[in-house]
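As structure tokens, here come the structures.
Okay, so subunit A shows up in both of these, paired with subunit B first and subunit C after.
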Partner chain A sequence: MARALQDGPPTEPAPEGKEWKKTSKDVDGHPVDHWILVDKDDGGPTWPARERLSLLNKDIERVDGAEKVTGAAVYSHDVRLEGMLYAVVLPAAIPQGTYSLDLDAARAVDGVVVAQDVAGGEVRYLGQAVAAVAGITPDHARDGLRALGVEFEAGEWALTREQAMAEGAPAIGRRGNRRSGRARGDSDATRAALESAAAAVEAEYTLPVQHHVCLETHGVVVDYRGGGEATVYASTQGTFTIGSEAAGTLGLRDSDVTAVVEHMGGGFGSKFGLDIPGDIACRLALEAERPVHLLLDRKGESSFVGNRSGGWQRVKAGCDETGKLVALDAEIETYGGLGRGSNPGLPYIYDAQEYSRVQASVMTNTDSSRAMRAPGHPQASFAMESILDELAYEAGLDPLELRKTNLSDPVYHRQLDRVAAEIGWSEHPNRTAPGTGDGWTATGIGFGVATWGGGGRPVCEVDVKISSDGSVTVEVGTQDLGTGVRTYVAAIVAEELGLQVEQVTPRIGSSRYGAANASGGSVTTACLAPSVKAAAWAVRRSFLEKVAGARGVDSGQLKCADGAVHDLSSAAGKLSWSAACALLPSEGVAERGKWNHKLAGNGVHGAQGAKVEVDLKTGQVQVLEMVAVQDCGLPLNHLALRSQLNGGMIQALGYALLEERVLDPELGLNLNPNMEDYKIPGSMQMPLMKAIVDEEDDRQVVIGMSEAAVIPGASAIANAVHNACGARVRELPLTPDKVLAALGRV
Partner chain B sequence: MERFELEIPTTVTEAVDLLPASWDEDGGREAMPIAGGQDLLTVLKEELYAPERLVHLKGISDFGGIRESGKGLVLGALLKVASVAADPRIRLHWRALAEAAESVASPQIRNQATLGGNLCQRPRCWYFRSSDAPCLKKGGYECYAYGGKNKYNAIFGGGPSYIVHPSDIAPALQLFRASVKTQSGGGSRELAISELYTLPADSDVTRETVLGPDELIESVSLPAPEPGFKTTYVKAQERGSFDFALSAVALGVRAQGGKITECRMVLGSVAPVPWQPERAEQEAIGMKDEPESWAKIAAVAMEGAEPLSENGYKVPLTKGLIEKAFKRLREEDV
Partner chain C sequence: MRYRGMRSDPSPERGEAVPDDKLEVSRRGFLQGAGGAAAGALLIQPDAAAAPKARKSGEQSVTLMVNGESRDVSLEARTTLLDALRIRLEDPLTGTKLVCDRGTCGACTVLLDGDPVCSCLVLAVDAVGHEVTTVEGLAPEGEMNAVQRAMCKHDGMMCGFCTPGITVTLTAFMEAQPAATREEVQAALSGNYCRCGTYPHVFDAALEAGRELQEGK
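This part shows the complex of A and B:
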């Protein structure tokens, strides 16, 4: 079985009282299996059996939902401060070369306060931030940008693989434009197995560069007015990734910078650290000694804050008569601009008796790729799920069955069977050969599977306090990317104390609260929820001890449930919550919780299916239905989980049918740095979506799942298009031009 | 967007006086008219033009509303696209026009955009829309689409510019042989839709219409409905909504006894102007109203197409769209 990436398991035995626990960590956006030493069972908290939960493992409405939909929620973009300047950034209009500018001319513009050169006259990639201006309004700042009179002098560039690999291409990387990774597997054995395979196929698959398209663009508002302190309101995936970097730029001590992330509008892997916009904002603020608002426009967003790398994969695969994959050979190239791009490698999740692969990245003068929701995985999935489909039809086998034949983990079997049942595979006519439709339209079904780590580690420090007036607060510095963190932070505490969710006030998104992980690799739930649980568990025990002391009973006789404290020792013994809290000392009772390994797990699966209708006359594809079945250990909030699954399916639908950065390699231009020509799906493109939490997963631990949700959808859609009408499109997005070409109509 | 002065005249005469009498060096942009602003504001934000003055037409009462004229309709240029789509008379008698208007952009844009603005909108070509590409349309020397990324560009009527006209409404109006009434310093004139637009080879390549710098569309006249002439507007998009057309077809058919007795067809987003394949219209007459004929007619409509490097797919796509339009007219009650 080909694992995505992993550290080796530890070889030394665990010390006395400790044991090794496998979890996962995020390395450049990749989930890497990771072993840590944990205490053996310490009698601490455990998640209650599912039937005993009254809030968790059910649908919980977002605690900040009303605030968000009414616009009351304050995102970094919405922060307005006294004396604040607005900053704008100019992206380079050339892929490589030099530029000159006149900062004084910008400074002379009415309403402009600061103008700075950002890149020192050198352009290394198309769209690189080269200059920034801050003014009293965004319009004044833009007047300043124009006044800079930036003149670009283009050098030689490479924007495509072909340009980068051409004779005499400009050197982009220090070690050449193409960097090879380690070869894996046994190529001789694979070649031999391919030759003797009952059926074999070979194909090339190409992936576009996808943007993150965060609803809230990248940036910060930095509140610095000279002096020794600063506050950074950051649109970030890591509250605690801001402070030291901002302090460095502002010349302050780490402890004098507060990061605030009250709400943030999506990151998908692209928002860690102060980042380019944050650094520019701090430099402008340092010079102006005034607060600076710098949230990018869409052109900036499409230019220098990352993307999902493009790629190319040539795959040869062979199977025996039963569909068992006997050999797979892959050549993989990733296109990450100045970065390396990512691909976890083939045969990805599937078993192959023999496999071999070589992998390389080709650099171009474009923005470096970044982590994007399951980095590399949708790319690998597209090639792997497509080649498996091609092999199934070549061999005359059912592609669903062929998948199961090559997946050893039974969880995938049950999930695929569930998807197939929901989407109507057994009643579908084209199960071993593609259909042809009625001359006008054709309907098809396709499948794909996912994998992810989603494990936790000890980072979070959560404080829960019960006050004598009955109010309950839970504080931790974590950020809510829109996934519902704030809601489960409150709900876990409420569950523990027998309260309703709204009786607990969650306070998150500030570096003044307890430590929290950065949200990458879907690790937040498994990092944070156990710490919240531990804090809630500890505070309940302390609370009951205090109440028991005041009542002169044994705390073992007291129980929190149904918004009251029950005294099991006496028939009439029930104290209302406020009456019980009134027995507390004036400072209330507070406890800090840390991560507890017994509460977190690692490793999720996931299967998805798509049903599409292809317009045979125009090549348009409409996704009729998508089904996702996803495990995640103990589900904290079904509503939020389904929301993540829906979001994953929608993002995959965009990747499948619409999204693609388009460059003109000859002119050196980005042709769609906007949301008109860079198309994402809208409400009218939504299929019927069935988001199903796999309740047969009975692991009593929490695991992150969000990245798994985005992996198989595009593959399933592409396979469904082929299943409908025989059009095998091997390059995303599946736009009408490509579908018509695959139908042999162009 | 650069600073500009905003003038809000209340009469046509005032408005015309505020606009330049002749095109200046860079295409006559010292003052520009604005109505719904749905296109113009995007043009200004991308800084394709930086007019010193915008002349808002919203105060000109003569330019609004719908009135009946004989059996036809006169639509004010300031009518919202959403109102064109919703008018029950248009929906009943000029169906393709209602469908075309309904297919424009999104509800928010349809509620703001005007009929006149839709007809006068600038091309969507991404080279034209990029301030970093000094293309032919903006007074430069080259149409970058010709040898560049041209999947959305023209397959008919191209050269030296290869833009397509993006309006959905114009092909539908041309189908109904509608005309526009204009006002300028030189007086008033009436132009058929087919005369309003010009091919890049036939006139100043920086413009899409024959309108002068101070010439405003006052209204659109729809001739009397033609009983038995059934019409529809069919549009292919990459994204099924809120997307400009890859190709579009306004089709009108009269059939008797299973045979086509009259056919009119205007294609959108395939040429720099609404494109009327007249030979196909003529060949259709006398053919049976059935799939084999539709395919033949569509093939004739595509004769003479000259695709660029990346838009060859538009030929089968448009052909397929024409067939779909015929099918729709025969099978659905439109």
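This part shows the complex of A and C:
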């Protein structure tokens, strides 16, 4: 599987005492299998058998839930410091050209403290940050922004693919406006196989630009007041991606800058590094020598902090009588504005006997795309899952069966069967041809599958300490994006020590703690959990040795369980947790854990199904039900996993039905830069949702799964719409006008 | 000003360039219509004439009743209740979140005399004389209410940024209608957006809180 996504394993043999281990790394937002050398089994920690776990692999309540529901959780937006200024940013009103500023006009305004040019006079894309003003309140800063004089000199721009490719179009990229990637596969063999296929289809699929719409906008609070130190409170996916960039801007040493990420309000791939708002905030703070709060407003959020790239794909596919894909040819363009956009390529995770594809990115004077939850995968999935359905109906086959025919990994078969059973496929009438409905509404079902890497690598350094008063802390600089990291960090330690989760205090979100990976590409669980486990394992051994020494027994006969230390050699030898800890020296006992490859795996599978109802008179689509079956190796916390699965499906629902950035193609004005015009899914759109963790996956390793959850949902919904009523919409989102057009009704 | 460029819509052919002179006219026309741009440069200075250069500070002191306490706060007539809580109060209450600042998302929901409102749409001066309850006020003694407990139990949150607004909205709704159905809960939450996608778990939490509230009666 995943042929399109990986490079081959290393050919050289592993040296003495080492072995090759497959992990994954993020290349351009794609998970790419990656081989590293690791020590051969050293008898270190392993995950206990599932039946022996008392906390993990169950539902664990979020340890910071109470903070979140009482408003006590502090996000970067909420940081309040003495003398702090609030900054606002002016986005460019043209897509390309130059500008000049009258900053003094802003500085003269009551309550304004600093005003700066932040782009050096040149505009490269629409909405780019050009000026910033900081004042004593956001209202005062906005007064300054309104007073600030700005004159734009319009240059030449291209905002759409057509404009960028037209003759005489302005040069946007250094290597031309259209950059082609390497052609893959065998185009001659593919063409020949297509010609002799029993059934063949050809179609074009178009994808919108989607926004991340993090509810907490991008930005930071910089605590700098002159002097030699600074603290940056950042809304980021990477605590350790902030410090050195901030130090560079502030003229400090890396070690004098602390990054803090106590809580953060969503990133979905768009929040790494100091970033544009963070850099601006540092510059303003440097000038003012006062703390600066710069968290973007909604317009800024939709102007210059990225998006999921749009795209276009033309696909030809052919199968034999059994539904076996004999050939697939794809032409792919990605539209990432000033970025390149992403698409892992077709046939995505399906097998095709012959395939060929060419891929290119077309640049425009619009905000660069960024990673967004499973970068490129929903795009590839939409084309691939759609063409498979088109092929199945063309050949008169069941699209579910046709999928299984072309997926060699048996895990997908069992997952698809489970999804089909949950959603009622075998009782559904339209299994080999779309339905027509009853004249008013029509109901349909569609499917899709997903893969992701989610593997780890050695980054995290975790410190666990048991104090003589019985308190236990676990510290690591990682960040919790809402996935429940803080909770499993505590739970892994509690499990190891036989305690309850509440008995362990997790401290995360500060660059003062041990190193941690940035949370992108669902790598956090597989990077972090093994290091936490290793630290907990080591501290348990040291702890028991100390207790054994104080008791004059062998540490091998002591065991941590049920909130106590048991002496297995004597019935009376049970020590309460606090009594055992009281035997520790005053400094307690502490250990640092590093990543251990035996605890982390790589590669997840997921299958999803959607049932929809199409209103044949209005073209309105209501999703009735969504089902996801997802594996992840050893599940750490089922409750949080179901939350992530729901979240993936819901974001996919938005991608399928609602979300699209709309730009005016002449001046490039963003026509829906806010949340009333750019719709994300709300409570009224919620279908019945079944989030199922695939417990048949018995791999005793942890793997990240969150990206996979967002991949197949939109494809499943689009296929379900077609299955309901024959309306094949090849362009997301499936708005009512497109559904009616596909029905031939407009 | 040079407005050379291509346009795609509504030209029928892919990549067909529109002659410069045509474009010049349409763009200048648009700009003049939009704001009377001077020929030669596009001057974007929306409030130039009304720029508040010599504007006197409109600061005034008012007293807000927040979570049962009366709080003196210095603010301006334009200060929203949301900004008053988050920024202007001496000990700011930052549990209430700012997301859209225009009444779309519900993250800023507080109770005004017990009714949920978007505090980004209420001027702080208009809240004078009314009882404001923020998310911090739902658990005054650290004792969480039924909705808050159920939200924790069912994991009705991920990043948690929408959570205060959802919790406030749900508290008001479930206390008024503890027997509400799932559909009624969905409707009650239609003004609260969550990007992480917590809705199904939030619905579960609401129904459980409803059961608890009914039993408690």
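Observations on the model:
Following the convention adopted for this analysis, the second predicted complex is superposed on the first by the 741 of 746 C-alpha atoms of A that agree within 3 Å, B and C clash if a C-alpha of one lies under 4 Å from a C-alpha of the other, contacts with A are read in each partner's own complex, and residues count from 1 in each chain.
Simple rule for what comes next: contacts are C-beta pairs under 8 Å (C-beta built on N, C-alpha and C of every residue); 3 or more make two chains touch, one makes a residue touch a chain.
Just so you know, these numbers come straight off a predicted model, no measurement behind them.
In the superposed model, A:681 makes contact with both subunit B and subunit C. In the superposed model, A:208 lies in contact with neither subunit B nor subunit C. In the superposition on chain A, contact of A:689 is made with subunit C only, not with subunit B.
By the touch criterion defined above, A:269 reaches neither subunit B nor subunit C.
Within the superposed three-chain model, A:93 lies in touch with subunit B and with subunit C [touch as defined at top]. Legend: residue contacts after superposition of the two complexes on their common chain; A:662 is shown touching subunit B, with no touch to subunit C. Using the contact criterion defined above for the overlaid structures, shared-chain residue A:671 touches subunit B, although it does not reach subunit C. Once the two complexes are laid over each other on the shared chain, residue contacts for A:71 go to subunit C alone; subunit B is not touched. Legend: residue contacts after superposition of the two complexes on their common chain; A:643 is shown touching subunit C, with no touch to subunit B. Touching more residues of subunit A than its counterpart among subunit B and subunit C is C.
Taken together, the two structures place residues 93, 139, 143, 146, 666-667, 676, 681-682, 684 of subunit A in contact with subunit B in one case and with subunit C in the other.
Within the complex, the subunit C residues that touch subunit A are 1-9, 11, 14-17, 26-27, 30, 41-48, 51-53, 55, 57, 76, 78-79, 83, 86-88, 92-102, 104-105, 107, 134-136, 138-139, 144, 147-148, 151-153, 155-164, 167, 185-187, 189-190, 192-203. Those residues of subunit A that touch subunit C in the shared complex are 61-62, 64-66, 68-75, 77-78, 80, 86, 93-94, 105, 108-111, 137-139, 143, 146-147, 149-163, 165-170, 212-217, 263-266, 268, 297-298, 481-484, 639-640, 642-644, 646-651, 665-667, 674-676, 680-684, 686, 689, 691.
Those residues of subunit A lying in contact with subunit B across their complex are 93, 139, 142-143, 146, 439-440, 615-620, 622, 657-658, 662, 664, 666-667, 669, 671-672, 676-677, 679, 681-682, 684-685, 735-737, 740-741, 745-746. Residue ranges on subunit B touching subunit A, taken from their complex, read 1-3, 47, 106, 124, 126-127, 129-130, 132-133, 144, 147-149, 151, 236-243, 246, 291, 310-313, 315-317, 319-321, 323-324, 327.
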